[in-house]
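After this come two complexes, each holding chain A, first together with chain B and then together with chain C.
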Partner chain A sequence: MHLTRSMRIVALGVASAIALTGCASSGGSTSGSGAAACAPSDGKVELSFTSWIPGIDKVVDLWNAENPNIQVTVQTGPNGNGGTYKNFFNQITAGNAPDLGQIEYDALPNFRVQDGLENIASCANVLDSKSKFIDWTWNQVTFGEDNAVYGIPQDTGPMAMYYRKDLFEKAGIPVPTTWDEYATAAAAIRQQGGYITNFPQNDVNWFAGLVWQANGQWFDSSTGSWKVSLTSPESTKVADYWQNLISGGLVSKVPAWTDEWNNAYNTGSDWTWISAVWGANSISSGAPDTSGDWAVAPMPQWKAGDNAAGNWGGSSTAVLKGSKHPYEAAQFALWLNTSDEALTALNKEANLYPATKAGLSLPVLADGVPFYGDQKIYDVFAKASSQVNPDFTWGPTMTQTYADVADGFGQVLGGTGTLSDALKTGQDKTIAALKAQSIPVVQ
Partner chain B sequence: MTTAELAESRPVLKPAKPARSARPLVKHKRAILLFLAPFGVLFALFYLLPIGYAVYQSLLVVQRDGTFGPPVEVFGGLTQYVAVFQNEAFWASVGRVLLFGVVQVPVMLGFALVLALLLDSPLVKGKKFFRLAYFVPYAVPGVIAAIMWGYLYSPNLSPFTALTGSFEFLSPQFVLWAIANVVTWVYVGYNMLIIYSSLLAIPSEIYEAAKLDGASQLQIALRIKIPLVVPAITLTAIFSIIGTLQLLAEPQVFRSFTSSVSSTFTPNMAVYATSAVPNVNLAAAMSVVLALATFAMSFAFLKFTQRKADA
Partner chain C sequence: MSRTAAMIVMLVSTVYFLLPVWWLFTSASKTREQFGNTNGLVFGDFNLFQNIGQLFAYNDGIYLRWMLNSVLYAGAGALIGTVISAMCGYALAKYRFPGRELIFNVVLGGVLVPATALALPLFLIFSQVGATNTFWSVFLPSLVNPFGVYLARIYASASVPDELLEAARIDGSGEVRTFFTVARRLMTPALVTIFLFQFVAIWNNFFLPLIMLRDESLFPVTLGLYTWNSQVNQIPEIRTYVIIGAFVSIIPLVIAFLSLQRFWQSGLGSGSLK
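The block that comes next holds the complex of A and B.
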């Protein structure tokens, strides 16, 4: 019959297409980890760099003006989990990834597992710069290994508590210093008609920052295979705490990073935000009507008198697999993240908080901030930065872990299950995702 | 919803079969090939090749050694398909869009049919205006429509806070129907236009004959117009089934308005989330299963309606 014949031809076409693509990509990746030799290239070098920091092009212009032989082109994209990581993975597979990419600390293991990073330990000046960086950030980019550097730390996100000083004073509610006091304040604020904060369903990395503060761990790879511990006692403690606030109706359910959320801060409906240093910018741009009413205090503690801080976010500049100029890329990454010139520009453009020890005393960080009643807020964060537990390990499929835990958190806000249940589900799905990628797991 | 399948579905629905007896000699074979070549090349490059590549990817599994061993893709047979069938989230999402389709598609097509019949009725004035007015929502891109409705539903930012503050349109129990409303709003006009153009093609002698027999406008609509536009309704139904299974933009946009839409809310979102892991092999297998299911359902619906027509 006519139809079947043409269908046969189509089928033949598909089959040959499969065969062709099969031949084309059966090569696979050959090189593994291990630092290869890192030599400078001859002549003029052009590098590409993908980042989502607003205004990064102006900072790179400074480098281009001083280094005519190493010219860097900037591409900007959405934030990492919002699409840029996906692009990176696709580009790495296709062999046309940019030379340099912005990668958050929590995504570095994922990129290493996918063989997407160049080890730049043997590039000049890289290993020597270890002492310049805040200890825990160096651990993140080296995975605690010798002779391994998979990125140059860029910024950090030490956490503190942003709060509406004026509202707390007017209501006569003491500013909480422990999590118990925070819960008490939450009830008092609810009686005033406000909420102490919202529970951000999708910011699972925020939740991880709280677990980090509580001295918990979610992953461990030191034994040669991955141990997943989303349900560790510390993690469960944090989950139960927020579960109580949610069950009591003491925190709002407005999703973070939405207009509704900005509106809640702008109209004084939400009173505090436990957040990272870069959050200073989010409040001032999202709630402009409240200028001068905010202040920053250290994170509430689990035990009165303790001094522990969590960390939320922070990025590194990594040299992606396949870069033909790892030496030049490494030199640019070092300049971008250690020179006073670049760090000052990054802070002015995007409020980035340096990952270097010296960077914390930059002149731009010494001033009072008008939005926060001229408080020297960076002093609070500098102190918090020194109180972050230096050992925190991220898993190799954080995009998946975040998505699955966030789905569970969403159900909790919808009235089904508990945060602990969500962590348990996240734990199971993470283990399944690791097994699906043949990543060794111990239960 | 997508209309990309338009080109493929149309020939199947053509009512008249070509005469088979005297097959004319084909002239200008080279010219025909030349004119077909642009389509053929683009079709192969951007349709067959990606599908073939997805099928190929779905047959691979990843192997590695140690915590940070580099991944090596090897042939894994149907391993990924087994994983798809064991993936509860994926099947939950399929169930969700099926429920969505069973309710939303008939409601939407019912609206579209009623609007088309009204436009075609001789009793209605201002046809041009209404035809355009009904169609305008389709000119709004799906994402923009979803954002607009997201704000309308929003409990604090909506212009109708008196309503949205007391009834949660974006609650986990209701969000699916909030999305159904957006989809219906966008696509009613589009489907109406397909049915309406089919109504315009009905010869006026039939109406004259019906009037002479004493049929009222309502009887003409029920007994003559609707039976004659059944092929058009079938076509819109198939587009709608395909579009429902491929639902992506509206729920994805709603994720920024509510916590009720999970990352695996619809099958396409589950595929997207899986590919972001990145687990492209499993995502490819999911895509193939979804495509086959879509094909099977569209085909089954077509067979079902044809058999009814023949009976």
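The block that comes next holds the complex of A and C.
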């Protein structure tokens, strides 16, 4: 008797929990349909903004001081793939997502496919800002759709070549300007006992940056369904190139971002790093003993005389689904990513490199950097920024693609298979993952 | 001979368990330059206190806030959680009522459900009442400890004699008073065990705060250090703080164990006299 009563209570509890969940999800989907209109709200507006950029609260304080009627609260967490993206999706499901969120370019398609972003194209000043941004970044936030903007570009990672100027000079090896010369230099450096660089197993987005420079594509959604092309001719060309260096023992296998790796730069065993603008700080903090010995040159080219650069990293500020104040959120995102004061502060706090054309000539980016022998390194990156192919598309399952390709890269470094095999496996697994999520794929 | 072998096994396992702690200690005492280019297990210049000073000053002392939060989540959570577990276990052991075995079996089943699996449902429930990103969203779920209830029941039925409770009742003591004055004392070793286990479990709980909390000032130290660690690519200087922070964060656990294991031993010892 008592048993049945207690069981009935339990059953009632479960039923009401299910009912509550049902309410929440239907509430979430209705609130998202008002994307067409984007009007200012009356009175004071409070916005929440989640970002993992260290010190961003100090930048937001500048806005809050100037805009008493639009107050922004900063929320934080680990970096996107470290948990914040999952949190965003959970919050969107629960209907309590922040108004604004930091989303890296390579994660934006995932949010778009899952309908996690507000279209802010109709908000004032948004479409007019297109010309302010570096072309490729604008394409990242619009996905090539008409009358659509799903975020405001924040920072970029144009790539160049960091190299040990002193060691190259002492050894009489010319600084490579093409990938052929880079391979020749790699052999010469190996004879001196060093390595030209390492091949990083886990930085698959670094590898994608190289494919980007080679004018390759990994994804294409222009037909409405996704075409996966990790094994495109350009991508395979890059893979074969690095495969040769690995097979010839000309690059080290030290994993990136480890003490070992820092040490390889600090002791002069690794001579170059093809990396993004934000890498400038990684070297100077990881290899403090080599201060003054480094310089920056443009990325090696596939054909002598070409001017192509890749990009590695960068984020946008997106308005997440369900925000009640898309107008105010869009205005804040524009200020954060275009105004001189915000861009200067972001650069000072977190070394962010602007995504606007005007931002590249900020005074903070004009000086020579002592660690690089007082070279004005940001001039090199500003030039690289203008040479990034404007059309590069990320896929909607990049976390999975990165993991699968990195598995393959790891096997190559362990001595089995080739980099093209790894791309092939990544290709197959990505297509399977897209199909598993019912995302349309064309073969 | 076998004594020597036993000593060797113990020595090896001691070294095995303490080596990472030793690495953490030496690394936490180094300057950033030396961290990269000296042997991990050997001291460089002893810079520990300057490092700790910098850690405590970084970002307006947010690290101290995280430590305080952890102490609060784990300390208060384990304390209240232990009281709840003890009362439940005691009630299940000493009172006869319909459905007792059913409740106990449900609690026992709860031991098998990993806390990680409950984090997302908890997030959705707390979202319904608008209580995510609050102190309570981490604190309240931490109070529940099915294993503690289990342990308390087993220990109460073994160590609290019914005759003693009967005597207390005859002397006019109410049930609640009997529990706190008589039963609690007899159950102390079990309660210390429950407290320690729960303290460590809450201290190390990472997934629930990760899902629940957005406000940096509410983070426990585990989540804070993880957040810093994920920013190392952007701000390489933070790496040093992650190492020192990890070192400092184990100190309260060491203190809790060293100070409470005394009760543990004396409790077990006095129990054997009966």
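Note that the second predicted complex is superposed on the first by the 408 of 443 C-alpha atoms of A that agree within 3 Å, B and C clash if a C-alpha of one lies under 4 Å from a C-alpha of the other, contacts with A are read in each partner's own complex, and residues count from 1 in each chain.
In this section, a residue touches a chain if its C-beta (ideal position, glycine included) is under 8 Å from a C-beta of that chain, and two chains touch if they have at least 3 such contacts.
Please read these numbers as outputs of a predicted model, since none were measured by experiment.
Visitor: If you stack the two complexes on chain A, which partner ends up touching A:A350: first (chain B), second (chain C), both, or neither?
Guide: Only chain C is touched by A:A350; chain B is not.
Visitor: Taking the superposition on A as described, I'd like to know which of chain B and chain C A:N263 touches: first, second, both or neither.
Guide: both
Visitor: For A:D289 in the superposed arrangement: first (chain B), second (chain C), both or neither?
Guide: Second partner only, chain C.
Visitor: One more residue to check, A:Q201. First (chain B), second (chain C), both or neither?
Guide: first
Visitor: If you tally the residues of chain A touched by each partner, is the higher count for chain B or for chain C?
Guide: Of the two chains, more chain A residues are contacted by B.
Visitor: Go through the superposed model and pick first if A:I189 touches only chain B, second if only chain C, both, or neither.
Guide: A:I189 contacts neither chain B nor chain C.
Visitor: I'd like to know which partner A:P98 touches here: chain B for first, chain C for second, both or neither.
Guide: In the superposed model, A:P98 contacts chain C only, not chain B.
Visitor: State whether A:I439 touches chain B only (first), chain C only (second), both chains, or neither.
Guide: Once the two structures are laid over each other on A, A:I439 reaches chain B alone.
Visitor: Which partner does A:N87 reach: the first (chain B), the second (chain C), both, or neither?
Guide: Second partner only, chain C.
Visitor: Both chain B and chain C contact which residues of chain A?
Guide: 17, 21, 93, 257, 259, 263
Visitor: Going by the contact rule set out above, which residues of chain C touch chain A in the complex?
Guide: Contact set of chain C toward chain A: 32-33, 35-37, 40, 59, 98-99, 102, 120, 123-125, 127-128, 130, 132-133, 210-211, 213-216, 223, 226-227, 229-239.
Visitor: Applying the document's contact rule, which stretches of chain A touch chain C when the two form their complex?
Guide: 2-3, 6, 17, 20-21, 24, 48, 50, 52-55, 75-79, 82-83, 87, 90-91, 93-96, 98, 257, 259, 262-263, 266-267, 278, 281-282, 285-289, 350-351
Visitor: Show me the residue ranges of chain A that touch chain B in the complex, using the header's touch definition.
Guide: Touching chain B: residues 10, 13-15, 17-18, 21-22, 28-29, 31-33, 81, 85-86, 89, 93, 109, 112-115, 143, 201-202, 221, 224-226, 253, 255, 257-260, 263-264, 396-397, 399-400, 403-404, 406-407, 409-411, 413-416, 433, 436-440 of chain A.
Visitor: For the complex, give me every residue of chain B touching chain A.
Guide: Those residues of chain B that touch chain A are 44, 48-49, 51-53, 55-56, 61-64, 66-73, 83, 151, 154-157, 171-172, 255-264, 273, 275-280, 282.
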